[in-house]
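Read through the structures below before going on.
Each of the next two complexes has chain A plus one more chain, namely chain B in the first and chain C in the second.
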Partner chain A sequence: MELVLEVENLEVSYGGIKALQGISFHVAKGEIVTLIGANGAGKSSTLRAVSGMIRASGGRINFKGNDVTGLASHSIAGLGLSHVPEGRGVFTRLTVEENLGVGSFIRDDKEGIKKDMETVYELFPRLQERKKQLGGSLSGGEQQMLAIGRAIMSGADTLLLDEPSMGLAPLIVQDIFSIIKHINAVGKTVLLVEQNANQALKASHRAYIMETGRIVMSGNADKMIHDPEVKKAYLGGH
Partner chain B sequence: MFSRYGTLKNAMCGLGLVALLLLPFIIPTFWLRIFTGVSLWVGLALSWNMIGGYMGYISFGHGAFFGVGAYATALVMAHTPIPFGIAILISGTLTYLFARMVGYLTFRLNGTYFAIGTWAFAEMMRQVVLLLPFTGGSYGMRLPPVVNEGFFYYVMLALAVAVLIFSYFIFEKSSFGLKVKSVREEETAAQTLGIDVEKVKNQVFALSGLFPGVIGGAYAYWITYIHPDSVLGPLIADQMVVMVLLGGIGTVFGPVIGASLMYIGNRIIWVTWGDSSSYLVILGLAICFIIRFLPEGLIKLPIRESLRRIGVGARQAIPNEEVR
Partner chain C sequence: MELIIQTLVNGLLIGGIFIMIAVGFTLAFGVMDIIDFAVGEWVMLGAFAAYWLQTLVHVDPLLFFPVIMLTFGAAAYVFQPVLQSVINIKHRSAALMALAFTFGLSTFFRGAALTLWGFNNRNIVTFLSDQSINILGITLPALRVAATVFAVIITIGFMVFLNKTKTGVAIRAAAENKTIAGLMGIDGQKVARTVYAIYAALTSLAGVFIGSIFSVNPDMGLRYTAFAFFVVVAGGMGSFAGAIAAAILLGLIASFVSVYVGGAYIFLILFLFLYFVLLFFSKGILGKGL
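Moving on, here comes the complex of A and B:
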């Protein structure tokens, strides 16, 4: 098992308040790993610390053999990690095509960019139909697709997805999860943060459960989904 | 690509340029000076638009680049035999480096605080120039007068056209421009896609500080007398901001329209009512009107629809990025 991401004793503080109190987890190549937990458990902070958007106040983050603790986020992106932020972060006044173009600025292999562009349009035919439209004119689901497509265009092999299902209609949520499984099948490693624990566990290989800045449980997703404790706390008790 | 609208637009641009080049032979000196001023303000508005429009950071300190450029050219020409053409380039280089430094300090601030920070910086520069021993302090500086209005008209026109072409190719047609816009739209997303956001912001700020320096230098030689209040006053930056808002922020031609209208309007009021502050009242009302009814500026007026109605550029739907 080749580890892509190894996090040890990660701590993050916001003005003296510890949002992450020393968490450790790992993601292996080709996995989909989910962090689940209630609001304020520290899931998004974990992703932000890993991608360098916020500074860790303690601990170590290792990505593909590089110590990336304290590195600027654009440098971490250069190593092949792309963070799709909560709320998608689509460039609203740029066209779909331009949004995808910005994604590919980080690399200069023309062939690879062309190939990934085809992959993205194959994966999301809606984006191809709308490539001349402004990002802001897309629906929520399409914007999420665009954000994921843009991350693929950056050539990243590891994607951090923060609440990809947030604010989407149930039918679209299904689409998004099948897309996540698909991009995983074609070789992307995924670290996912979700409130929709049920869907997320169904799509993932492994999961970590977070509570107030700590990891309280970890294991295989298919086992967790049947765990009575998890069911009671996160899956609505069915 | 070659819609009738596009051809018409190119033809009109060509005609306009020829007319501008012939202007000194047609109109009296009084009006030529006004058109020299129009070019000056078009250049300044376009420079401000780089940081304010494309980058989305409102700077109230751009007057300082103009003023520092003016003083740099004045000092170089007063103390060395360096000719005007090179002196203004020295001014530009200086304000470029200067903007790098200011950017390094002020980009730690966000939004409103950035605006206040740049304003404070410009105000500081005015005080510094008032106090320094070699700038003449509150006496200002005098340059040897050159009475050749045609020359200055062409210099300012060339500078304005240069900034226009630069803006168009750098911000509308290059991948750098796309990078800049992506940072404006979503800073964090741009960052996670591998864009060094701080670097981009500093580069744009420095570029937008370069041209006002050159233009300021040309202004000093044209007017031959500069004073901290005339080239480093807050009204210079304020006017750049309003001109861009009036014409259309973040567009290539918006600042051109805004600067031309506002400067000509300013001069007409000056001619009719003398040097009074009534201009500022009208300016204030204009700002209210624009923000209320035309928040995207005059460039977003439905001129294209009107043209289509009279039969120009009709038929096929033009892709939305063709005419902006």
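Moving on, here comes the complex of A and C:
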């Protein structure tokens, strides 16, 4: 098993308040791993620390054999990691096409970029229809599609997705999960954060459960989905 | 009637030079999130660079504008990290500190120029000085026409760069959100440095033209700082189209006020106008700002 991401005793604080109290987890190549937890558990903080959006106050992060703890986000992106942050982060003053173009900023392979652009437009035909439109004029759901499309454009082999189904209609949520599975099937490793725990577990290989800055449980997703404790706390009972 | 047309033409021509300052200034503001109060001093230093090039090296400064632009660009590129470190200070009023820093910087530049070169006016003579074109009784001073043509060419080139090249689009992305741009692999610090260098180069070039059209003295900068401030605010913070429109408007207001009201009233009228713009169009005259 080849580890893509290895996190040890990661700590994050915001102005003295510890949001992550030393968590350890790993993601192997080709996996979809989900972080589940209540609001404020520290899921987004974990992704932010891994991608370099915020600085860890303790612990180590290893990405594909590189110690990336404390590295700037643009350097980590350069190693092949793409983070779709909470709230999407679409550039509102850039067109859809330009947003996708910026997504491929670190790449030089014109052919590959063109191919990925076609893939994105195939996955999200709405984006193609709106490619000259400003990012800010898209609906919330369309912006989410654009954010995922931009991650595909990065050519990164590892994606961190923070609540990709947020604010989407149920039908589209289905689409998003099947797209995540598809992306994974064609070779990308995915670290996922989801409120929609049921769907996420169905799509994932493994999962970690977080509570107030700690990991309290981990295991295979298909086992967890049947675990009575997990069911009660995160899957809405029954 | 002829006076009105002449005033109009003069205003448009001077507005052209302001555009040069406005686009760089707007971009620098977008990327670094500060208003650089030293902007006028870059104009002043650019003008002095031209003057000394003429006096000491005996060349036509207008022909050596690439040298001046490169020198200022390089100086700004080296200096930018210092400014950035002030902006990045983890302090509650970091933005105010950065503002105060650029203000201090402008005072320093002005003081240094005054000490070194005294307060007397100097003139720059270029191959275009004293030349003019006459069309239907309207006089078009060649230098102003050249400055405007230049400003328009540079502005168009700059817009093409920002909209059509990979680096340009990345700069616009970083101007909107450096954190997200970082996730795309864009180095926000490098972008800020590059933009500051471009801005200083453009502003120094405007200084060369302004110094050649009017005159050169250590006090000339302050006026252009106020103008630049007018342009970004009236244009709607961060909007290029707005800044360009505001620059032209500024040229027209300045020209008409100095002919029909008196040069001393320019700032009074300008900022009164700005007040009403903010009151009625909080997103700038074209409604495209933040």
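In this text, the second predicted complex is superposed on the first by the 238 of 238 C-alpha atoms of A that agree within 3 Å, B and C clash if a C-alpha of one lies under 4 Å from a C-alpha of the other, contacts with A are read in each partner's own complex, and residues count from 1 in each chain.
Criterion: contacts are C-beta pairs under 8 Å (C-beta built on N, C-alpha and C of every residue); 3 or more make two chains touch, one makes a residue touch a chain.
Note that this is a predicted model, so its numbers are computed, not measured.
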item: Chain C versus chain B on the shared chain A, clash or fit after superposition; value: clash
item: Partner chain(s) touched by A:Gly140 [first = chain B, second = chain C, both, neither]; value: neither
item: Residue contacts with chain A in the superposition, chain B compared against chain C; value: B
item: Contacts of A:Lys132 with chain B and chain C, given as first, second, both or neither; value: first
item: Touching partner for A:Met53 - first (chain B), second (chain C), both, neither; value: both
item: Contacts of A:Gly22 with chain B and chain C, given as first, second, both or neither; value: neither
item: Footprint overlap on chain A, comparing chain B with chain C; value: 51, 53, 72-74, 77-78, 82-83, 85, 89, 91-94, 98, 101-103, 105-106, 150, 154
item: Touching residues (chain side chain C, partner chain A) in the complex; value: 166, 169-170, 172-173, 176-177, 179-188
item: Contact footprint of chain B on chain A as seen in their complex; value: 51, 53, 72-74, 77-78, 82-85, 88-95, 98-99, 101-103, 105-106, 132, 134-135, 147, 150-151, 154
item: For the chain A and chain C complex, residues of the former touching the latter; value: 51-53, 72-74, 77-78, 82-83, 85, 89, 91-94, 98, 101-103, 105-106, 150, 154
item: Residues of chain B that touch chain A when the two form their complex; value: 175, 178-179, 181-182, 185-186, 188-197, 319-321
